[in-house]
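Listed after this line are the structures, all set down as structure tokens.
In what comes next, subunit A is part of two complexes: it sits with subunit B in the first one and with subunit C in the second one.
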Partner chain A sequence: MSDFGFHLAFWSLAAMTIGGASMIMVSRNLIHAVVWLVLSMLGVAGLYLTLSADFIAVVQVLIYVGAISVLMLFAIMLTPRAERDNSSSLKTAGPAGVVVIMVMIATFWVAIDTDWGSVREVALTDQARLIGESLIKHYILPFEIGAVLLTAALVGAIALAREDDEDAAVHAASLQAELDGLEFDPVDVVDPPIPAEPESEARS
Partner chain B sequence: MMEIAGLSGILGAWYDFRDLNNLQRLITEWIADWGPDWLASIVTGLLGALGILGVIGPTLLVLIWVERKVIARFQQRYGPNRVGPKGLLQPVADAVKLILKEQLAPRAADKLIFFLPPVLIFIPGILIWGVLPFGPRMSVADLNVGVLFLLAVSGTAVLVIFMAGWSSNNKYALLGAMRAVAMSISYEVPMVLALLTLVVFSGTMSINGIVEWQQQEDVIFILLFPLTALVFFFAASAELNRTPADISEAESEIVAGYHTEYSGMRFGLFYAVELGNTLVVSGFIATFFLGGWWLWGLDEWVPSWIILLAKTGAVYFLLIWTRGTLPRLRVDQLMSLCWKALVPATLLFVVVAFVERTLLISEGWDTTIALPIMAVINIGLSLGAIMLFARVARPADLRRPARIRMAGAEIGGLRAARSVAARSEEPQFQVGGD
Partner chain C sequence: MIIGLEHYLILGAILFCIGFFIALSKKNAIGVLIGVELMLNAVNLTLVAFSRFSTTEIALSTQVFVVFIIAVAAAEVAVGLALALVVYRNRQTISVDRTTLLKG
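Coming up: the complex of A and B.
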């Protein structure tokens, strides 16, 4: 790869990443923030590509751009509108700033303190296979733990989201009562009273 | 000078149209003779991109006509037949009309995000063509992680659809967008599992590698994993928003879904990308399950890309066929079909693929004998799974309704249906009589 092309790619991708990240902070509208976040993530994926890490780059797009951002959008859509956007007051700016500065210091500390080696040989070609092999051979235990954890999370999410039969019956009955303009008592659904003679209210 | 080792004469010359890669390679070599490196790579990239655009642009115009004609045939009417011979110029007239139409934007729309989607939707729509192999060396980018790339790029389109639906500030558009997002993330699961089956079995994530595996083993994947192919076909048609599964733009329910507020050519762009995606997904189904550019030795005589295009056309016709024949599923039926039928079915075959791959690799079974036996076993398993689903395990949402559905669950327009349902022993349509 020619040097000029590489530098052009790196700097434009870096600008895209950091510009997107800054726009997240600036934008008041949370949906706009997510869109900028996606731009920033795409920039990161491009940076991976310049490092010849095509597997990681594709996975970055697949997971962060394709899945995480959609998840965020879902979370935003399920949030009440009043609490959705960034607040215009700067009440929380102080503590948040302190946290951000501490994280920045820690990151820079690690980045400067680490002895970065440089890789001389040509980038690996069949990365997916190598990653898969090391996951199955060397890191089999963390891999399995991760799998169990994800399964547990999945089951937990289903258990939380699942509507009880009883809840569903109460919900349906309340809707019906609202339609019929009747009083509604959830106890009647859970413990149904002995049915009286069939009603004939709609006949007139 | 221009010959590849071992080939001579016409083979490898620029006019050897069996492998269009030759043309591109010769141009690159010619530039490399006098020009700098970067010019060659830029020209190569441009050739790939322009080639894709130049082919699919006109193809889309023809496909609109084909689709309308075929659908009309299914519905026993003529279809477009006024503009040009047999209505062939109808798509051109439509395109001109769309371009001339006024571009409206709702006053309350989120202006920036509203203008972006018709443009952005093109990016995944074009990128996805890059990994489709038209021949042994004929894909714009033959990536090691081609399958993942395909999934990643097609996944980003959802985001654009959501932007379109949300920024329109229209309830129908937002409903359509939310449906599209929910459907897309649901149907991605069986799609990923179906592709995982192929990746496990062929041992490669390169799309060309999967075709080469089928060529090497003399078998196409639809014979080995018929149910997976069926699931992939349906999941793809759901991701494409095509009619058996087009709830995100169901005209009878939510106007036009996420592109309700887009007029003129902006709508036209959405429409074009949808058609283009349909074509490219047909190509990928043909590549993954029907052997792609390879057809039992016919690729020796016929250019590989013509074989692929023929298979693509066949799959595309199947997509039109399902669109013309099947009724639209309801939103809850679509979800329950995905999670309760397609995901378990594909999971079953992922396990089967693991077992059979282990038998082939670790146990060293002879593929010429083992593969036909496995194909028979898998076809039997598929039929069994379908029978099980149809007879025993069909989810409640997909059974034939015993009473009027959703009658008691909603208010408003369904009140009439509800009150009829409540008095089913004496049905009458005198609603709200008092």
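Coming up: the complex of A and C.
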């Protein structure tokens, strides 16, 4: 296992992961930050392969690199007038740095100082089948709860993000007013002046 | 030098700390979500490393656990981005510094 190729793979993937994550920290443009996130996630997927967890690696590529990054790019593009910049807030960066350095010291100390008693057995083979079987045998209840959670979360996300008709009308009218260079009053859209209706028949 | 468990643990710790710093310090709400995703990835990396360097039964349970974490993370990011869209629609900004509606 300690051959040259394995070392090369580990160190280059580690550099890719950490480098991508660091570039998220320093890049000024949010879209660039998402692209660096993709690079970092690909590095993590490669590290899963060096740990011979091939199923997890494929899931990582499909979900993180494929789905979540695209979702984030959509969210950035749907918020066009928000700030594109990815800068750190000066107020919180100092205290955040202190907290993070303390967490880093603690985790490093635990990782190095503990005797993990690691054993190196032969890695699992045929992982997709084993994981699938244990998902529907031992872990059937968490599996079902996960299904309900995903459904609820996606329905909730759609319900939150959906523009109802009134909001859509206000939004369209504000864009139009901006184009025309006019003052915009949302009340005019929500409560348009009601044309005089013929009086409804009184109930007898 | 053999690449052992400690290498992966240190790598996961560095990745977690970078994600933590991003989540705490970024102004943009989507930037904060990116930081949270990095932290979840670091935890998954650590779990998979533990699974590789343990006995076979523990390895299988750990990998199933990682699959669950990935599913929950996907749900979390979908709801988080929908919330960011709602905040943007109401306030025309998603800067967490300027979303101070609940501030007394």
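We adopt the following convention: the second predicted complex is superposed on the first by the 126 of 204 C-alpha atoms of A that agree within 3 Å, B and C clash if a C-alpha of one lies under 4 Å from a C-alpha of the other, contacts with A are read in each partner's own complex, and residues count from 1 in each chain.
The rule is simple: contacts are C-beta pairs under 8 Å (C-beta built on N, C-alpha and C of every residue); 3 or more make two chains touch, one makes a residue touch a chain.
Because the structure is a prediction, the values reported are computed rather than measured.
Engineer: Scan A:Gly19 for contacts with subunit B and subunit C and give back first, second, both or neither.
Structural biologist: Neither partner.
Engineer: Is subunit A touched at more residues by subunit B or by subunit C?
Structural biologist: With both complexes superposed on chain A, more residues of subunit A are touched by C.
Engineer: After the superposition on A, what does A:Phe55 contact: first (subunit B), second (subunit C), both or neither?
Structural biologist: So A:Phe55 meets both subunit B and subunit C here.
Engineer: Under the stated touch criterion, which partner chain does A:Phe10 make contact with: subunit B (first), subunit C (second), both, or neither?
Structural biologist: second
Engineer: When the two structures are overlaid on chain A, which partner does A:Ala33 contact: first (subunit B), second (subunit C), both, or neither?
Structural biologist: second
Engineer: For A:Thr92, is the partner it touches subunit B (first), subunit C (second), both, or none of the two (neither)?
Structural biologist: Touch partner of A:Thr92: subunit C, not subunit B.
Engineer: On the A-aligned overlay, A:Ala67 touches which partner chain: subunit B = first, subunit C = second, or both, or neither?
Structural biologist: A:Ala67 contacts both subunit B and subunit C.
Engineer: Which of the two partners, first being subunit B and second being subunit C, lies in contact with A:Ser134: first, second, both, or neither?
Structural biologist: second
Engineer: A:Ile112 in the overlay: touching subunit B, subunit C, both, or neither? Say first, second, both or neither.
Structural biologist: Once the two structures are laid over each other on A, A:Ile112 reaches subunit C alone.
Engineer: Considering only the contact definition stated at the top, list the common interface residues of subunit A for subunit B and subunit C.
Structural biologist: Residues 2, 55, 59, 67, 74, 127 of subunit A touch both subunit B and subunit C.
Engineer: Considering the complex alone, what residue numbers of subunit A touch subunit C?
Structural biologist: Subunit A reaches subunit C through residues 1-2, 6-7, 10, 14, 17-18, 21-22, 24-25, 30, 33-34, 37, 40-41, 44, 47-48, 51-53, 55-56, 59-60, 63-64, 67-68, 71-72, 74-76, 78-79, 81-83, 85-89, 91-93, 95-97, 99-100, 103-104, 107-108, 111-112, 116, 118-121, 123-124, 127, 130-131, 134-135, 139, 142, 146, 149-150, 153-154, 156-158, 160-161, 163, 167, 171.
Engineer: With touch defined as at the start, can you tell me which subunit A residues reach subunit B in the complex?
Structural biologist: Touch residues, subunit A against subunit B: 2, 4-5, 29, 31-32, 35, 38, 54-55, 58-59, 61-62, 65-67, 69-70, 73-74, 77, 125-128, 172, 175-176, 178-179, 202, 204.
Engineer: Contact residues on subunit B for subunit A in the complex?
Structural biologist: 36-38, 41, 110, 112-113, 143-145, 148-149, 151-153, 155-156, 158-159, 162-163, 166, 178, 181, 185, 205, 408-411, 415, 418-419, 422-423, 433-434
Engineer: Mind listing the subunit C positions that touch subunit A in their complex?
Structural biologist: Per the stated touch rule, the residues are 1-11, 13-22, 24-28, 30-31, 33-35, 37-38, 41, 44-45, 48-49, 51-56, 59-61, 63-64, 66-68, 70-79, 81-86, 88-89, 92-97.
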